[in-house]
Every structure is written in C-alpha cells, then in structure tokens.
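There are two complexes below, and they share chain A, which is joined by chain B in the first and by chain C in the second.
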Partner chain A sequence: MGLFDRLIGWLGLKKEVNILCLGLDNSGKTTIINKLKPNNAQTQDIVPTIGFSIEKFKTSSLSFTVFDMSGQGRYRNLWEHYYKEGQAIIFVIDSADKLRMVVAKEELDTLLNHPDIKHRRIPILFFANKMDVRDALSSVKVSQLLCLDNIKDKPWHICATDALRGDGLQEGVDWLQDQIKSLRT
Partner chain B sequence: MSEVSGDGGKWLDAHYDPVAGLYTFSSCVDLADLSGDGESRLVVGDLGSGLSGMKLKVFQGTALLSESTLLDLPTGLVAFFMDLHEPRIPAVAVASGPCIYVYKNLRPYFKFTLPGLEVNPVEQDVWQQVKEGQIDPLTMKEMLEGIRKKADVPLSVRSLRFLSLETDEMDEFVQLHKQQPIKRQTVITCVGTLKKSTADEDGVSCLVIGTESSNVYVLDPEAFIILSKMSLPAPPTMIDVTGQFDVEFRITVACRNGNIYILRRDSDKPKYSMELSSHPVGLVRVGKNVVVGCTDESLQGFTQKGKKLWRTTLPAPIITMAAMDLPTRGFQGVLVGLANCEVHLYRDKNLLSNIKTPDVVTSICFGRYGREDGTLIMTTKGGGLMVKILKRTAIFDDRDGTPGPPLAQSVRLNVPKKTKLYVDQTLRERENGVAMHRAFYMDLSRMRLAAAKAYVKALESSLTPMSSSLSEPLKMNAVVQGLGPTFKLTLNMQNTAACRPVMNLAISFLYDENLYRMRTPYLRIPLLVPGLIYPVETLVECTSDKGISDIIKVFVLHEGKGCPLLTAHINMPVSEGLMLN
Partner chain C sequence: MELNLNRVDYIQVGVTSQKTMRLLPAQGRKTTQKVAIADHDGILTCFGIKKGEAVPVFKTLPGQKIIRMDLGGAVGSPQEKIFVCSGSQVRGFTKKGKQFLTFEANLTENINAMHVSGADLFVCASYIYNHYCDCKDQNYYLSGDKINDITCVSSENLTRLSPVLACQDRVLRVLQGSELAYDIEVPGPPSVLELYNKTRGDELLYGTTDGKIGLVQIGEHSASSKWEIDNDKKKGGILCIDTYDIIGDGVNDVLVGRDDGTLEVYGFDSSNEPTLRFDHVLSESVTSIQGGCVGKESYDEVLAATYTGWVTGLTTEPQKAEAGPGDEVRMSKETQSKVEALRAELEQLQVKVLQGREQYQQTSQSSTAVSAVPTFSINDKFTLCQDDASYCLTLEVQTAIDNLLLQSDVPIDLLDVDKNSAVVSFSECDSEPNGNFLLATYRCQANTTRLELKVRSIEGQYGTLQAYVTPRLQPKTCQVRQYQIKPLSLHQRTHSIDQDRPMNRLSLVGQFSFAEIHSWVVFCLPEVPEKTPAGESITFYFHNTFLGTQLEANYCKGEGHFRSDNISTISILSDVLSKEATKRKINLNISYDINDDSVSHTLRMIHPKLEFQLVLARKVQLIDALKELQIHEGNSDFLIPEYRNILDESASLLEEYKKQPAHLERLYGMITDLFIDKFKFKGQNVKTKVSSLLEILDNYDLNSLLDFFCEA
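Let's turn to the complex of A and B:
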C-alpha cells in the first residue's frame, strides 16, 4: 500500500471515490457536503435539494464525488438508481426529529436489503446531525433507535455532528478515508 | 419500535404515549402549519374531564409545544386561512357554546358570537309586567306555562329556568333577573371550513357553523359577518363541506333526527336528503361520495345526490371516523375507529388495512404532521396519543378482504358411525318384517287401552293437579320446605281462566295422624283472581321418631260439594330433625 500511495502522491493524482449521501429531508445532507468543501467554494444559502446534485471535495489523499440526494418522500425512490455507483454511503440523521426516527430506520433497512448493497462490503458513515438543537438525541441513542448493531457485514461508524458549525464532520470523513484505503488493498 | 402488527406492515409506529392525557374527539383535532416553517403541528381542543380542564393543546413532534386554557367545552376545532397576509399562518377557530374563539399565533385574536334568536313578544311582555310590579310571580308562572304550551316560538332559557323553580324561590329569582332584557341564544354543534374563491391548499376559507337552532351559517373569513344562512329540519351534529363559496359548494350535514341533508349554493333549504335506518356516528366525504358510519355497525356509501351505493357490516360499533387523503399517491380512503380496539381502513367497501391499537381510539386525524405527509394521529379513550406513519413503500391492493367461501362451510358434519350391530339388526328386520309389524301393532293397541283406562280413573277421582272443568279452571303445585321435624308446605294456587274469578274453595289434607300433625287440616282459600298465583302455606310436624315418611294428599274442594276439584300427592321427606336428636 505504501508504495502505491506514494506513487499516486508523486504523480499528483488522487483516487476518485463515489459517495452517496442519503437521509430524510431536512436532516442536513446538503449542509454537511457544503461544509466539507473548501471555504471559498461554500455556498451561503442552502435550499431543499430537488432530485439530486453532484458535489466534489478532496481530502488529503482522496477525491470524493458525492451524490447529494434529495430526501423528500417523493424523490426517495431515486436513491436506488445510484446504489451501484456508490463506493461508500453517508447516512445523515436529524437527531432532533424523534418522530421520524422510525422512518429513517425504515429507509436504512430498505437500503441495506437492496440487492445492489446487500452483498457489498461498503462502509457506511452515519452522521447524527443537529446536535446543537436543545433536545437532540445522543449518537448512542440514535444508533440504538436505528438498530445499527444489527449491521454485521459492513464497516460503519456514527458521529455526532453539528453541520452548521462543522463539529464532528472531520472525524467522520477521516474514518471514511481510512476505510476506503483499507478496502482498496 | 417498528415491529409489524396486524396491518401487514404498512404503518410505522412513530410514537405512543399512553399517558398524554388527551381527551378529545375527531371534530376537535386538526393539523396545521402554525408557524409557517413547513412543519405541521397538531392542534387539539382537549375536553379535559368534561367539566374542567378544557385546554387548547399544540403538539410538535413527540412533545407538547403549548397549552392554553379554554373557557368552555370545545365542540369543534378547525384551522383555516383567514387572510392573504404573508407568511401564510393559519388561524385556529375553536367553537364552544354560542361563540367562536379565533386564535392567531396561538393568541386569542377574535371572539365571534352568534346572533341571538327572536324572543317571543308575549313572553317579553310578561317579564315587562313583572318588572313594573303589575303581576306577582305566581300569575307569571301561569302565563308562561300557557305560552310554553301554545306559542310556536320557544321560551328563553331564563323563563324555562323560572318555571322549574319552587314557589319560595321564585320571588328571589324574579328580583335578580327582571332588570336584564330577555335573550335567546343558541349553541354551536359543529364547525367546518369552506374555501372562499380558490381551491388552493392555502386559500382563504370561510367558517361553516351548524347550530342547535337547526341553522347553518357561513361566515366571512375576515369580517366575521354572516354571508349565508340556511335552515335544516333538525339540529346538525356533523358537517362536511366541499367546493368554493363564490363558485359552488355542497354542505353535507348529519342531523340529530338520523337523516343526512345536502345543502347547495343558492338555496337555504336542503336540496337532497338521505334517510338512514339508524343514527349516523361518522360522516366522511371520499371524492364525490359520502361515507356514513351508523350505530347499527354498518358503513354506507352514498352519492352526492343521496343515492345509496353500498353497505358493509363492521365487526364492532363505530367510535369515530376520519378521511384519509393522500393526494401525492392519489389515494382516498376512510379510517374507522371501532370499539374492539381496531382501526380499519376502507376504500369503498373493501377493507385495506387493519390496525390493532392497545386502547379504544376516540379521535383520528390523518395528514401532514411534522414533515411527513402520511401521518395518522389517534387519541385513545384512556387519554393516550398514538402517531403512525404510512410507509413510503406501502401499497394498498383493492382485493376484497374476505376471500373464498365462509369458514362455516369447511366444518365437518357430526354424522354418527354405524357398527356391525346395526347391520345385523337391519338384516333381522329384512327377514322378519311382517312378524315385527304385527307384534308392534298388538302392543300399541294394548298400550292405548291401558292409558285410556288410567286417564278415566284419574278423572273420576280428580287425582290430577290441573282442573279441567270449564267453570273452575285451576292449577296447583305443592312445595315442601325444611328439614323437619317441622315442614313448611306451600300450595301455589292459580286460576287459569281468562276473566272469571273463582270463589268458595277450600283445601283439605288427608294424612296419617300417627305420623304427622297439622294445625289446620282444613283451609279456606280466598277469592282467586285470574292469573295471579296464591301461595297457601301451612306447617306440618312429623311426630314419628322412627324416620318414616308417608304421603300427604291434598284436596281442593268446592264448598258444598263432596267431590274434590283437584288432588295432589306430596311425598314427604324423611324428618332429619328427630334423627339428629
């Protein structure tokens, strides 16, 4: 691995990784992606995504292409068309929306049981977002409610985040980068 | 949290709070985006205990957002847009008593009171006279009684209260109230909303009010003046409105006389009426049809002209009903809360989904709650709040819920088996049939003779406890009570004639004087009125200490005749009292 990585770095190329960013509407997917972009590329006002949008950002060794999907009910059936391309999944959860935690769980279950996802060992990063809201659930509680313990055949990680300030995002992306690198070799 | 229940996994259990303390009905629940941020809130007019604790509660997500006290018991609650101001924040109208309280931003904004009804001028005159001291309260009571019986305009509440008072309380009541003018108020029974001129989701709506005085009013949304007044044959209880006020509208009203009336634009009288076989408990419009739930556990569908389309029977009484409308999927159905703790979803007469609930559901509301479009909110009899979310992938197939022949057809009949004994018997019958027939007929004739002989003998000596004579039809039975040595003998006598009393009867007992002692071996019977049962009691004492029992004969005689009318033989039980000694 070391040699290959050094070669890539030496050539000035970065590996391209396709990521799917999923989650219910109003969970903060676009805000998170926006925050991961370099400061000069960030947009100021974020509106509900229509359909999906493709965003790019880079980390130290990887170049990410993110499919930022709309989470609205009527666009959720678009998700499965992009499952094949996805090499990693970011699943964003609104920790303050206790009522719709079951809906998030339901969508996660259908995602995990989809034939394009079920037998692939792709890393899933969960962002328990909106930690700044007063009565938000903790990331432990969120992972309990979503029954994340039942995911045995895929590497997963949950981070408590506040996408407005960017807290917790870097930790998650670092984990994702490590996972992708270890999968490649 | 999201385990699959009897509904086929179509609903996600989002939230259940069994101690939410919400006591309400479907007419007092609504969903509205009260802050204009795209998140719908649940607005509930909580009835409290029915006497106190009436509150306007607002829920957001799983938590209670705000709570404000209501002055009176709410009878209806609707959220509606009353103006075109931005942002589009709906007002909440709560109907209680004769008033409608309008809340904006959850603050009291306006109070609309229904106009008073006309007062009987004669009644007014009577109160005027008592005020001037021309008549005393007693005279006034008589005059008011007269008005109540004759006049077609009913009395005011004050006069009715006065009439119910005792004489000593009257004077005080008159002194207290004579200065105020008489008013007659009505109360609101149901509220609905009607779009003013556009069919948009956020168009301005008029309030439609049904009152106890059998009227329906349409109110202007901004000025709160009465735009239209319609009258009905009976007080309305449930209301459903479609259309636009300026274009064309239909108001479907279920009334307390068990009928449903349809009102239309440009007519102040009902256009169509549907007569139901039993009282309606729920009224829901699905598309162009009206679905009515009745007290006879049935669900009926009608066209908007009042023609009956279908009827289906439910397994339990209906508690509440609500419409389920999902425009994004083009789905419309009816949710029915039943007394057996189930909520059924019907499209036309087909059962699509059956939700089992831990308690009886008293109110149902379906719509957009929070950010989720297909949310079903139910409150239970015990005050619980339940939120379920329709799965994105749920598909309702229109197949009939009850497939195949009824279950009773597959039950095997209990036909007894035949053994070898039976087969041998039939063989014997086949061989000796003639002899068997003859022997049987000989025996049958003998038996008839013996029965007739015994019957004639019984008639001659009047041994039966039923009298067959036409002049004195009597019935008697005897009961022995007690363990001994003293027994209580009760004879129940009944005259079975249609309308003729029986007189001059007596009872005589025949018994072994060595064994029994009776204080009154001869009793006279009172006049027997037809139909009544007369118990005649006497005490029998057993004098023998040997544990012997005997028969006591009872004769009912007509005075002056030697032949008894009836006879009863009583087998006395063994006296246990002496044996114990």
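Let's turn to the complex of A and C:
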C-alpha cells in the first residue's frame, strides 16, 4: 500500500470501488444488493428495476458503488455503457431456472468478449442464487453449465446464495474484497 | 419433482435399538430442532447442531440398555418430555435433562415396545400388553404371539384411545380396554406402527419385516386397507417409519428406514397413490427415522439413526457452496478443520492404545490374571423369503466384521448374494465322522459391518446352522450364533387355507399334554410362538413356499390332527413327531388317512415349475448356436420368430439358467420323496425303482409320470 492509501485508512475514508451487478431478469440482483446494505437502510419491497439504479454499501475496508442494472431483455443493451467504469463484476444466476441457463451463458459470453472487458483483468463474482428453492442446481453444476472453466484470464469465484436470507453473500463479498485489494497493490 | 438430498453425518453414539431417536419440537418458529437419542449403553443424549457441530444439551449416565424412546407431554402442550424404557423400567426426562419420572412396570420380562400419550402409558413385553394411567394399572392383555410394536389411534369416530398391537403372526390387534376388539390381517409380520397423521389419528401406517408398507384406517369395529406397497425389489425389512412433508407439496410424505440400510421417501401423486421419490443406501440398518429441521434453519431434512449409532442427516441444503477456477477440488474450511481435528485425535489415541497394549501384554504373562473377553452385540435375523423359498441370514455387528464361519449339520446350499462383497471359501468336509455338511468362511472386505447370506434348505432335513462371527477388534474374539433349521423349514404361516384340495390326514392320540404337543409343533415348524397358546385347542395354517401346498395343524391335550395336500409333508411330520414322542417315552397312536388324489394333485402343482425349467434348459442350449448364426448373417431376420425370441431374451435366460441346476435337483428330489412316501404309507419299499423314476424324469412328460406313480 502506498502512503496515500495508508493516509486514507487513517482518516477513516474508504476507497471507492465501482461494481457492475449483472444477470438476467428475476435472478435476484436487487435483492442481493439490498441484503448487503446495513439493516436500517434495507427496503422491504423489491420491484423489477427499470434501466438501472445506483446503490452504495460499505465493507470493512472498501466502499462499493454498485450499478444495479436491469436484467430485462430490452434493457440489457444498456449494460455495455457502464463496462468502462466497472472495476469488478457481480453476475447473478437464478440456479432454479434451468431453462434460461443457456440465455445467461450467452449474455456472459457476450460480456466477456466485449472489447471493454476482454483485455482487462477484472474479478468476476458469480452468485448462484435461489439455493433455497428445492430443485435448484448446485454451484458446481451451474459453473459447469456456464462453462466457467473456460475463463482463463480473469479471477472468478462462484458462491451458492440465498438472497432472501442472506446466506453465502458475505463469503462472496469477502472474496471480491480480497481480489480488489490484491489488484491494487 | 425430483428430490435431492445431501448426506451429512453428525455424531456417533452407542449401538441403538429400533425407534430410539426423536426430534424435540422446535422452540420458536423456523428454528432448528434438538435431537434426542438413546443407546444400548443406557445413555440418553440430547444435542443440537450449531454450524455443523453437534452441541450437547445433556447426557445421562450409562445404565441398562435402552430399547425404546417416545415423546410425550400433557395433552395440548408441546410433546417434549422424553420417555425411555430399559429393562422393565420407564424413565421420563424433561427437555433440559432433569429426570422427573421413574416407573417400575413390574413385568417379569423386559419391555420391548412403548407408547406414551398424555398421562397414559402403554408398554409391551414379549406377549404382554399393559396400560397404565398416571402409573396406575388399568388394562392388561395377553397376546397369542410376540408383540413387535404398539401405538394408539384416536379420532372422533372412536370413543377413546384404542391401542393397536403389531404381532409377529401377521396380525394387527386392535384392543378395547383389556379385550380384543378385532384384528387386521397384514401381508407380513409387522415390525413397526406409526400414525399417518398425528392430528387426525385414525390412519395407521405399518411396516413388515419382509419389507412391505401399508396404510389402514382403523374404525370402531373394523378396519379398511387404503394402500399397500409391495416389496418387489427385495429390499430389507422395515424398522422405522415417519411422516413429514419433505418434498414440500403440502402433503405428508412417508419416510421409511429399512434393515439393509435403505432410506426411502414416498410422496403422493394426484391420485393419492404412494410413489417412490428418493432413496439412499447407508451401509448399516436404519433404526430410527424422523423428518424435521436440524442442521440449518429453514432447510428441511430427514434424520436417521443407524444400528451402530451414527446420526445422519439427508438435508435439502446444498453442500458445496463455493467454487473457483482450477481443477483441484478445494476443501471447505469446515472439512479442513474436521480433518485436522480427526488427525490430532487419531494420533493421541494411537499413542494411548500402544501404551495400553504394552501394559496388556505384560499383565497377560501373569499366571493368576484372567483375560476378559470384550463383548460386542450382534444384530441377527434368520427369515424365510417367500418368493424363492430360501432362508436369509443377516448379521450386523457394531464394528467391521473380519470373518464369518458357517457350520451346518444338515445339507444346505449357500447362494450368492449380489450385495455381498465378502470372499467365500468352502472347506471340504466329510460328513461321516463329524456331522459337518457345510463349512464355509466369509472373509469380509474392510468396513463391512453387515453381511447377508442366503441359505437353501431341504424339507425333512433338520438340524442347526452355526455362525461364528469375528469382528475387527483387539483382542480378536468370536461369538457363536445358532439357528434352527426346522423339519418343515419351507412352511410359512398364513391366515387361511383352501379347504377344497384333496387332503391327507395324520392323527395322533396319546398321553401328552397341550404344552408337550405344542413344543413338538414348535420343533417342526417355523413361525410358531414358543409360548403355549391360551385355550384348549389351537389351529395353525401354513403353506409351503416352494410348492404352494398347505398344512393345517390342529391340536389339543392328548390329540393332534394334521392335514396336508402333500404326502411328503405328512410323512416328515409323522417321522419327527414319533421320534420326539419316543424321546419322551410317550406312547403315540398314529393313524393316517391318505387321499390317493393328493399325489396327482401335488404332481400337477409341480408340473408348471418342472416344465418351465426344462424349457429353459432347451432354450439355453440353442443360444450359442443362434448367436453364431447371427454374427455370420449380420442380422436375425431370417430366423423363425421362436428363435428370434430366444436371441432377444438370451441375457435373462442365461441368468435364469445359472440358478437352474439347483432348482431342477430340488424338484427331482421332491418328486422322488413324494414317490417313496406314497408307497411308504402303503407299506411298500420302492427305493429300488427310484432309478427308473429318474429315467422318466429325464424325458419328462406329465402323463407318463402320473402313470408311473399309479402302476408302481
């Protein structure tokens, strides 16, 4: 860490990181981000996002700014406008939706092949969400279906989560935090 | 919907009996439940799971072995008082582990089944049923056969609690007070009873030792059967049943645990028929099963306890939560810490054991010291399988078995069991000097705690089968178990027989008591209760599992009548009974009434089996030749349909043929016995004609065989 970083640490200011939260509609992006916020700031009702919204939350050492993108088909072309700003990506998958797993894979492939993303080594965190649903696929199975093993030039990690209860989210964010820190130094 | 359950092992306690684990009701909404389990050391353990670790709530001191556990409490309050029975004593504990009840049931025998409902306590010893209310004696009943389980049904239709006994003679007995209200016939010896719906409480699930499950609705004066699940795949006997909505469709599912380690979940489809939704096989018998939420809140699971005391959960919670790039499987932190803890423990234990062993070696040199033998428990079962007329011997030990020696003083066949991984070696034995007809050793693969063997006996040859079991324990010791092979070993109890068949009769008259003749019948036939039945006379019905012939035994003091449509059965009975009577120096007056039609009747019953075997042999002969033709021509279209059929079924035919020689031999033997017996009753010795009988059998034709039986 440089002197400047340490100074920030002493002052109690946290470094800001921009994160893109992507995924198909109804995969649970807004719910996950809502759950990551402190208890008193959480909203009760979650409705489908229109366009995108910007949310902020803090962890022990970083301050995250999340672009919560809408996952609906007609808004998906909006994603690429924010690729440049993103320093990390959270990709949310509905593990119980086996039918649209191929759509998620397609979107992931176009994301990875986008010129703004392709040559940057940015960490990608996958959330295999809706683990509480009885016939949900396991995280290993999801990673196979999305062919995550083919991602060679970026650090990635997949976590099984239940966003309604918040299970598994912390582990994922901890990993992301470690990755961002190690990238900076 | 397909059901996916992941296995998690929680803790291990001592050896457990059937139905000794229960889940305590949850405290609040959606929190995890505590588990109470009792073992043969007499320890009642209650624990909860926190972050995958078992956190004990309380643990009692060791005592007599605990046979059953039930939960109870005042009516209307959560049922969280734990009742356990050991010996003839019932003890009650609160959920905190405080003992509030010790009740001596004053039975001469040990309690083997118990049910608690409010202030009512129902206990059963082998044949006795007793009902206590607030520890005061209320009702008493003596059952005709061994009681395996008890539960109580109650509903608006029934005026009060009516206890139901599951008895060994394939009957559920519904009691009213101290009287038998009525009984329900079930297709096998029932081993466990459970209410289908705790609140409605008049539908009763039963499981049998031969692996069948059924649901009956109990009414005031009669019961109706709702459904029944047959045991086609020859899975083990049922040891425990529970109902819980694990699938999550709003209908209670049936959870079943079997003695071969199979765990099953039956769901109900739209037409209310039970269908198998999930099964999992553990390596040892499942003694208790419960549905609930233990490991992590809001994830339902099936909790099972096994014979050696493992508490295992099958949870809906996904196991592997995280993954990253790279081929190597990364262990989660929990697994890693578990491995480390085990390694450390193992090292410590190794050092301790080494020291202990050295000390033992030294003290064993002493001339006055006696080496004590470590005791271990064997859970064994020796039952007749209805569909292949062979005995199934299962042995289960709490630790891994090293080897098993089988010795028999009667000629028996040991059949292959696919599940067994043990290596068999047959030692040559000469039956003349030492009476050994079979000496076989099973050497088990590592970690086999359960062994299943199939034994095929011949009717008329009786004696004992001994099993010497040596587990992997230090010092190595061995326990012997003895099993009786009865003279009429292939007979099975039934509820009724067909009276229209041509019957042969054997009557005995002499100076013997009811108890004496009963003991002779117990000696001759399987599945008869050892206790002399109440009343003046008794009738038992049997049927032969191999041939389908039947036997009726009716006897009282000084008189006995046996009727069968098979002459061989009558002949075996008269031989054995007269031998037994001579042993006790009782003069027997034996009279026969032989029906000549019965011989041809029996031959006609054998006919389809024999014909099937012969046709099979002929087909198998052709298979190789046909296969060669098929290879040459590339296809089998030119063959006549009959041969094409043989080719299509060749695999199953060959498999069937492998078992065939034994079957043919058995059938030939039975026909020869029948032939000799028929003429024995006429006072002729026809042993010399056996060779010509065998000739006829080799070119089998039913009519010529019937003629030969008539002429000779």
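One rule holds for everything that comes next: the second predicted complex is superposed on the first by the 180 of 185 C-alpha atoms of A that agree within 3 Å, B and C clash if a C-alpha of one lies under 4 Å from a C-alpha of the other, contacts with A are read in each partner's own complex, and residues count from 1 in each chain.
Quick note on the criterion: a residue touches a chain if its C-beta (ideal position, glycine included) is under 8 Å from a C-beta of that chain, and two chains touch if they have at least 3 such contacts.
The model shown is predicted, which means the values in this text are computed figures rather than measured ones.
> Consider chain A as the common anchor and indicate whether chain B and chain C clash or fit when overlaid.
When both complexes are placed onto chain A, chain B and chain C end up side by side without any clash.
> Once the structures are superposed on A, label A:Leu183 by its partner contacts, choosing first (chain B), second (chain C), both or neither.
neither
> Contact-wise, after the overlay, does A:His157 reach chain B, chain C, both or neither (first, second, both, neither)?
Once the two structures are laid over each other on A, A:His157 reaches chain C alone.
> Pick one for A:Leu78: touches chain B only (first), chain C only (second), both, or neither.
Touch status of A:Leu78: no partner.
> Please indicate which partner A:Ile46 is in contact with in the superposed arrangement: first for chain B, second for chain C, both, or neither.
neither
> May I ask you to decide whether A:Leu112 touches chain B, chain C, both, or neither, giving the answer as first, second, both or neither?
neither
> Vertex at chain A, arms to chain B and chain C: angle between C-alpha centres to the nearest 10°?
One gets 70 degrees for this angle.
> State whether A:Ser139 touches chain B only (first), chain C only (second), both chains, or neither.
The second partner, chain C, only.
> Nearest CA pair across chain B and chain C in the overlay: distance in Å?
Comparing every C-alpha of chain B with every C-alpha of chain C, the smallest gap is 8 Å.
> Quick check on my understanding: which residues of chain A belong to both its chain B contact set and its chain C contact set?
135
> Can you list the chain C residues touching chain A in their complex?
My answer: residues 1-4, 247-248, 298-299, 316, 318-325.
> Quick check on the complex: what are the chain B residues that touch chain A?
1-2, 12-15, 61-63, 328, 369-373, 387, 389, 391-393
> Which of the residues in chain A come into contact with chain B in the complex?
24-26, 73-74, 76-77, 97-103, 105-107, 110, 135, 145
> In the complex formed with chain C, which residues of chain A make contact?
Spelled out, the residues of chain A in touch with chain C are 131-132, 134-136, 138-140, 143, 148-149, 151-152, 155-160, 165, 168, 171-172, 175.
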